[in-house]
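Two complexes are shown next, each including chain A; its partner changes from chain B in the first to chain C in the second.
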Partner chain A sequence: MKPILLQGHERSITQIKYNREGDLLFSVAKDTVANAWYSVNGERLGTYNGHTGAVWCVDCDWDTKNVLTGSADNSCRLWDCETGKQLALLNTSSAVRTCGFDFSGNIIMFSTDKQMGYQCYLNFFDLRDPQQIEDNNPYLSVPCNESKITSAVWGPLGEFVIAGHENGEISQFSAKSGEALKKVKEHTKQINDIQSSVDLTMVITASKDNSAKLFDSTSLENIKTFRTERPVNSAAISPIKDHVVMGGGQEAMDVTTTSTRIGKFEARFFHAAYEEEFGRVKGHFGPINCVAFHPDGKSYSSGGEDGYVRIHYFDPQYFDFELEA
Partner chain B sequence: MRNTVDMVDDPEYEEEEEPSFSDPEDFVDDVEDEELLEDILREKPQETDGIDSVVVVDNVPQVGPERLEKLKNVIHKIFSKFGKITTEFYPEADGTTKGYIFLEYSSPNQALEAVKNADGYKLDKQHTFRVNLFTDFDKYMNISDEWDPPAKQPFKDFGNMRHWIEDPDCRDQYSVIYEAGERTAIFANDAKEPILAEERARWTETYVRWSPKGTYLATFHQRGIALWGGEKFKQIQRFSHQGVSLIDFSPCERYVVTFSPLMDTKEDPQAIIIWDILTGQKKRGFHCESSAHWPIFKWSHDGKFFARMTQDTLSIYETPSMGLLDKKSLKINGIKDFSWSPGDNIIAFWVPEDKDIPARVTLMQMPSRQEIRVDRTPKGTQGVVTNFEIFRMREKQVPVDVVEMKESIIAFAWEPNGSKFAVLHGESPRINASFYHVKNNGKIELIKMFDKQQANSIFWSPQGQFMVLAGLRSMNGALAFVDTSDCTMMNIAEHYMASDVEWDPTGRYVVTSVSWWSHKVDNAYWVWTFQGRLLQKNNKDRFCQLLWRPRPPTLLSADQIKMIKKDLKKYSKTFEQKDRLSQSKASKELVDKRRTMLDDYRRYREEALKNYQEQKSMRLELRGGVDTDELDSNVDDWEEETIEFFCDEKIIALDDL
Partner chain C sequence: MPSVEYDDSKPSWADQVEEEVDETTLPSPKETIRGNIKTITEYKIDEEDGKKYKIVRTFKIETRKASKAVARRKNWKKFGNSEFDAPGPNVATTTVSDDVFMTFISSKEDLNAQDQDEDPMNKLKGQKIVSCRICKGDHWTTRCPYKDTLGPMQKELAEQLGLSTGDKEKPAGAAEPEPAQPAQSKTGKYVPPSLRDGGRGRGESMQPNRRADDNATIRVTNLSEDTRETDLQELFRPFGSISRIYLAKDKNTGQSKGFAFISFHRREDAARAIAGVSGFGYDHLILNVEWAKPSNN
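Our next item is the complex of A and B:
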C-alpha cells in the first residue's frame, strides 16, 4: 500500500509518537511546531502552538488527555490534547531533550541538556499537586554529573526511568529517590533513542555506534544486538511480531556525500530473535530521525530529516513472512 | 659559555627590572665543543699530511715504454674528472708497468670521489680498475693474521613459504586493512564468507604490499619496511630506511627497492635503496631528484636489468652487480617516459616534438643497445587526434599499425594472455567503450563499441576474456561485467562510491571496495563472481585497502594445461558436488543457529510475560481500574464513530444513461 505522507513541518522531524490506542500520531520538529494527526488517513487534528524553539520531544498520557512537549526554548509544556490549550508552562535553564508520562499519567519526567554552564538534570513533577506546577518546583530533581542524558523512557510501573547517555551508557533512576539503581555500558557511542515494547518489559536503544540493542527493562540485561553500517537514530519494537524497525542516517557533515538519488534513505526491519535484517523500506529524502510502530502492529511511521512523516500500512505478505527455522 | 655582561648594574637600565642573562654563579660548563659544533667542526680545514689524498689503482694494463704515454693520457682523462691530479707514479718492473699506479689529488675529498666512482671501471674486456685509498692499505695490512671464522648464523627456518598455495580448496588470500589502518588481516577467500588466516593490530603503519609472486607481505613503518611470509607470517627480513614511503619489488622477488623522501645527503645517497631480500644486505643507494612517478626504477621482466629516467637521461643498471650498464647512461634529450617489454629485454621510450625534431618512439634492445625501431611522427600534427600505434614486436622490422581515435582517450588496457584491448574514449557523459582484436596477420579490428557508459577505468581479468568497466569515485561506482569472447554485457550493477576494483589472481572473483581513504562512510568490500553475481558484502569499520595475494607462475607446461582443459568436465563434476555439500551444510548451520536463538528468545519472553501477569493488579491500580493490557480490553468504553472518506470520483455523462 502506498504510504501516507504527512506534510506539516518545515524542518526536520525530531520525534513522533502514537497515543496508546493508536488513533492519533503526534509529530514534533525543529520548526517549533507540534502536530497531532489521525493515523488512519493522515488528516491533521490540530497544532499545539506556543513553543519558540525547536521541539525535541513529545509524549501523550495513556488516556489521551494530555500532551507533553519539551523544547530548545528552555521550557516543557503541558497541553490539553483535544483543545490544544496550553495547561502548564515549566521553565528550565537549558533545553529540554526528552520527556514522558509515567504509566499512571500522573507523574511527568523530563531531562535538560548540559549547556551554558548548566548541568544535566532529570526532573520529576507530580501533576496531582498543582502547587508543584505553579511554583515550577519539581518534587525530585536528579543531577546527572557524568555523561548527559540524551534519551529516556519510564519503567513498567513508574518506579524508575531508564535513561540513555551521551557516552553510550544506560542507567535506571528511581522516581522516588533519584538514586541511580543500575548502570550498564553496552554501546560505545551516544544513545540517540530509547523506546519500550508495548508491554514495557523490554526497551530498544538506538545508538550512534551503528547498532541497536534490546534490553530487559528491569535487569538491563542486553538480550539482542542489531548491527548496521550507519548510525542508528531511532528503533522500535513491533507489538505483535518478533520484529524491530530501525531508522538512521549518517553524520551531519557526511550528508552531502551520500547518494543524491531520490528516496535512498531506508527504514530497516530486523528479526528480533535471529538479529538478521529481512527488509527495507525506502522513501525518505534524508536521514530518518524517528520510527514508531502503531500499537496494533499493522502499520508503522517514520519521521525524517526531510520534514516528512510517512505512515506505512503493511501488506499481507509482511504478516505471513517467516525466516527459515 | 662565557658570562655575558651583567646588565643589572648598568645605570641606564635602572628603571626597568631587566632579567639577568648571566649564568648562575656555580654554573659549570659541561658541554663539549664537539657536541655543540659537531657539524661545523666537521668542515674545519685540516692539515693534509698527504697520504689521505693518494689513491692506488689496480688492474692497470701492463705496458712497455712505447705505450706508456698513451696509457698516462687515458688514465689522466679518466681520473682528472674527480679533481686535480698533483702527482702520479707508475712503478715499473722488467721494462713494463707493474699493473698498479699511484695518483695524488689536491685534497682527500677528491681522492674519495675517485674511489667511489672509478672503482669497478671497465677500461676494456680484460681490465677493470680497482681503486682504493692509500690509507685503506694501511688498514688492510694491519688486519690480524689470525682469522676468526664468522660465527655461523643459525638457519632460520621460516617454514614453507608457499604454504598458502597448498590450500586444498584453492582459496586465494587477500590482505585487508581496516579501522583506519589500526588492524590488518589476511583472509582466505571462500565464496560463502572470508576465512580469517591472520590478524594483527598495528601490523603496518600506512599500507601493505605483496611481492609479485605472493611470497612476501611488506609492511611499512617509520624506521623502514618488514617482510613477512610463511604459514604463520613470521618476520623474514627487515630493512631499515627511515621514513620509507614507497617500495617496489623486482619481478623475480630477489630485490626490493625502497624510497624515502627524507634520507638524502650529498655524500651518501639514501633516498632510494635497493636491497637483496634473502641476505638483507643493502646493495646500492641512489639519489632521487623527483618522486614524480613511482616506481622510479622499472625492472625488466626477468629481473636482469632495471632502469630509471631522469632529466634527459635513461640510466640502465644490471643485476647482481647493481652497476650502470656499460658504465654509461643514455643521453636522450627530452625523454618523457619509458617502459620494458613484458616478454623481452627491450626498452621502449618516447620523446615529444621539440622545435625542429619530430616526436619519436624508439625500441631498444638490451644489453646491446641496438635500436630496433624508431618511429617518427610527422611534424606539426596538432589537434586532439590521438592515435594508437601498435608495434608488432615479434616480426621482422617490427611493423606498425595505426588505429585512429577521434576522441580523447580516458583509459586503455591490453587483455592479459590475449590479443584484445579495450579503450574508453569520449567525454563524460558520452563515454564509449570499444573493444579491438589484433588478428594474426596484424590487422586491428573493432569488435564492438558500447556507448554512453558510466565508466572511467578498465579492469581485465588476469586470465583474460572477462573484464569489468567501472565508474569509480566521481562516477558513483557503476559496474559493467563484460564477456569479451562475444562482447556481451553479463551484468550491470553498482557498488555505490566504489573506489577500487581488484581481480583475484585466478580471475574467478572480483572485489569492489569503498575505501575509508576516499570516502568516510559505507566502508566495505563486496565480492562478486567474474560474471557479476554478488556473493558477499563485507562491512569493515573504516575499511582502507584490500590486496589479493599474487600467485607464483604456474608449474604446469602448456601441454598439461591443454589436457586439463579437455578433461574439465570430469573435474567439474567433483567440484560441483563439493560446492553443493558445503552450501547445504551452511544452510543447515544457519537453520540450527536460528532455531537455538529463537528458542532462547521465546524462553526469555515467557519469563517476562509471567512477571507481567503478576504485576497486573498494580497496573489496574495505577490507571484507576481501567484494564489497558490489550487494545480491546475495555471494549465497553469505546465509542463508535462513523467517518466518511473520499475514495474515488467517477464522472458519468448523462448521454450514456
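Our next item is the complex of A and C:
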C-alpha cells in the first residue's frame, strides 16, 4: 500500500479522529492548529486557527457540524466544521486533556489537567443551553482528586463517560449526576488512550504498562489483553474484522537515543480474539502517538511523534489473511 | 487575450520564433479531459536560470458513490490555512509516500525469529570475531601459545609454496591450483574471489553452453519494422532446428529495431542459413545475414 502522507503540522501529532462517515480526518498536534483532511485523497479541507498552545484532543459530532478541540492554552474551543469559524471559547484554569461529543452532539465533556495548583475536573456542557457557554458555567463539573484523567470517551447512550487515569484506573462518570459509577484497575501505569468500538459496546485502552486491553463499556469487564514490549500510545478496534491496531514505541523522550529498528515504532495488528499479533506496518520515524480506523474498516491512519499523519489503504492481502489458530 | 488564439494543431515555426523572442509572456495553461484522464499543461519561467519550462501533469479522475452528506462535504470551500489552495491535494501538505507492506506474522516462532534478527549483537553471537593466523584459535595472533614453535615453520612452508605459485602464473592452465590456495589463506593474504577455491569452476558452470550457442548464432540485419518473431521462425526453420530467437524491439512501441539474433542448435545449419538468406529480399528490404560476433559479457 502507498500511504498518503499529511504534512500539516510542525510538531508531534497528539490525536487524530475520523468523522462518523470517515470522509474527513481531523488531526491535532503540539502546534496550535487543528487540521481537517479529506481521507479519500489526503486533500486538506482547512485548518481551525485560534489556539495558542499545544492542542491535545479533537472530536467531531455525529453529523459533522461541529468540531471540538482542547488545548494546553487553557481553553476548549468549538468550531464550525464547514467554515472553520470559532463558535465558542471555553476558558479553563488548566490545560484541557480530553474532549468529546456525546452521540447526540448536544452535550460536550472535557477534562482538565491537574496543574498549577488546580484540580483535575471533568466538565459537562449542554450546547442546547447557550447560557452555559456564555457564562462558561458547566452544568456538571466532577472533580477527580485521586489521579488525573488522561483520556476519556463517551459510553453508549450518552449516559456516562469512560475515563482512563494516570494511575492506570478506568472509571465511569455519570453524565447526569457526576458520580463515579464503576472503577476498575487493570493497568498498572497511565492510560494513554481510550477508543470505543463502532457500536460503543467495547472500549480499548492503551497504557504505558506495555499493554492494551479490551473492556466491555458497561460492565468494565476486562475481555482481552494485548501485550507488547513497548509502551502503547494508542489502540483502535477494526469496525469490520476482529482486529486491533496498536501504535506506540519508545517514550518520546527516549526517541533520540534509539534507532528506528530497535524502537519498534511500527503499527502492530493483533487478532482481537486470539490476542496474537499477526502483522506490522512500518513507516513513522518515531513512536506512533495515535491510530484510528476508518469507519468502513478499509483503511487506517496513524499520527506520529514525527509530526506526520499517514493514511493507509489496506492491500487485498489484509482482507484475505486468516490467522492460523 | 482575445487577439491570440491557440488551437490544438501545432503552431507554425514562425509563431514559435516569435514566442521565443518574447520571453515574458507564457502560453496560457491548458486543461484537457479525455475519458477519465485529465491533463494540465502549464508553462513557467524558472527564476534562477531564466529558462522556460513546460509542466505537464496528468490526473486520473475517479468517481465514487457516496452518501449525500459526504458528497456535500466534498464541495465545501477550503478555509483556514488552506483557503487559497487550488482544488485537489496541495503538494505542500499532501504527498504519496513510498510503498510499505504489512509484514504478516503467521506464528509465534516467526515473531521470535524476527526479534532476533533485529538485534545486531545477536547476529554476531556464535561467530568468531578474532581468529589466530597461526593456530586458528579464538585469540589474537600475537597471543598465540604456539607463536614460537608453529609460526616459523609455517613461514618457511609459505615461502616454498609462494615460489611455486609464482611459476604457475605464466601458463594459464589450472592443473594444480589446490596446494596454492590453502597456503595463501594461511599467510592471511587477500585472495580475490575470482581466484579462490572453486571460483573459476563456478563461473564456468553459470554459463554452460554459452560458447556453443555463440558459435551457431547468426545476426540478421536490415529487417523491416513490422517483423515479428514468428516471421523469423518461418524464415529460418527450413535450415535446421532453432534454439533461440532474439528480435530487438523498441521498448515503448514494440516495433522491431531492424535486427535479430538467431541461434541454431548446429553450426552447419547456421552456415547454411547465412548462405541461403543473405541478400534475400524480404518485405521490400534486402536482408543481411552474418555470423554474430561473440558478445562482450
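Everything that follows uses one rule, which is that the second predicted complex is superposed on the first by the 317 of 325 C-alpha atoms of A that agree within 3 Å, B and C clash if a C-alpha of one lies under 4 Å from a C-alpha of the other, contacts with A are read in each partner's own complex, and residues count from 1 in each chain.
We take it that a contact is a pair of C-beta atoms (placed from the backbone, for glycine too) under 8 Å apart; a residue touches a chain by one contact, two chains touch by 3 or more.
Treat the numbers as computed from the prediction; the structure is a model and nothing was measured.
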Do chain B and chain C fit side by side on chain A in the superposed arrangement, or is it a clash? clash
Tell me the contact category for A:Asp199 with respect to chain B and chain C: first, second, both or neither. first
Quick check for you: in the superposed arrangement, does A:Leu5 touch first (chain B), second (chain C), both or neither? second
Touching A:Glu21 in the superposition: chain B (first), chain C (second), both, neither? both
Contacts for A:Gln317 in the overlay, against chain B (first) and chain C (second): which applies, first, second, both or neither? second
Contact-wise, after the overlay, does A:Asn41 reach chain B, chain C, both or neither (first, second, both, neither)? both
Max touched-residue count on chain A (chain B vs chain C) belongs to chain C
Once chain A of both complexes is superposed, is A:Tyr274 in touch with chain B (first), chain C (second), both, or neither? first
Taking the superposition on A as described, I'd like to know which of chain B and chain C A:Thr83 touches: first, second, both or neither. second
Candidates 5-13, 419-427 or 617-625 checked on chain B; the stretch that hits chain C is 419-427
On chain A, the footprints of chain B and chain C overlap at residues 21, 40-41, 63, 323-324
Using the touch rule from the top, collect the residues of chain A that touch chain B in their complex. 20-22, 40-41, 62-63, 103-105, 156-158, 199, 201-202, 216, 218, 223-224, 229-230, 242, 250-251, 254, 257-259, 272-275, 295-296, 323-325
Can you check the complex and tell me which residues of chain C touch chain A? 64, 66-67, 69-70, 73-74, 76-83, 85, 88-90, 92-108, 111, 118-119
Can you tell me which positions in chain B touch chain A when the two form their complex? 476, 496-497, 519-524, 539, 587, 590-591, 594-595, 597-598, 600-602, 604, 608-609, 611-612, 615, 618-619, 622-623, 626, 628-629, 631, 643, 645
Inside the complex, what are the residues of chain A that reach chain C? 1-8, 21, 23-24, 33, 37-38, 40-49, 63-64, 82-84, 261-262, 269, 276-283, 310, 312, 314-315, 317-318, 321, 323-324
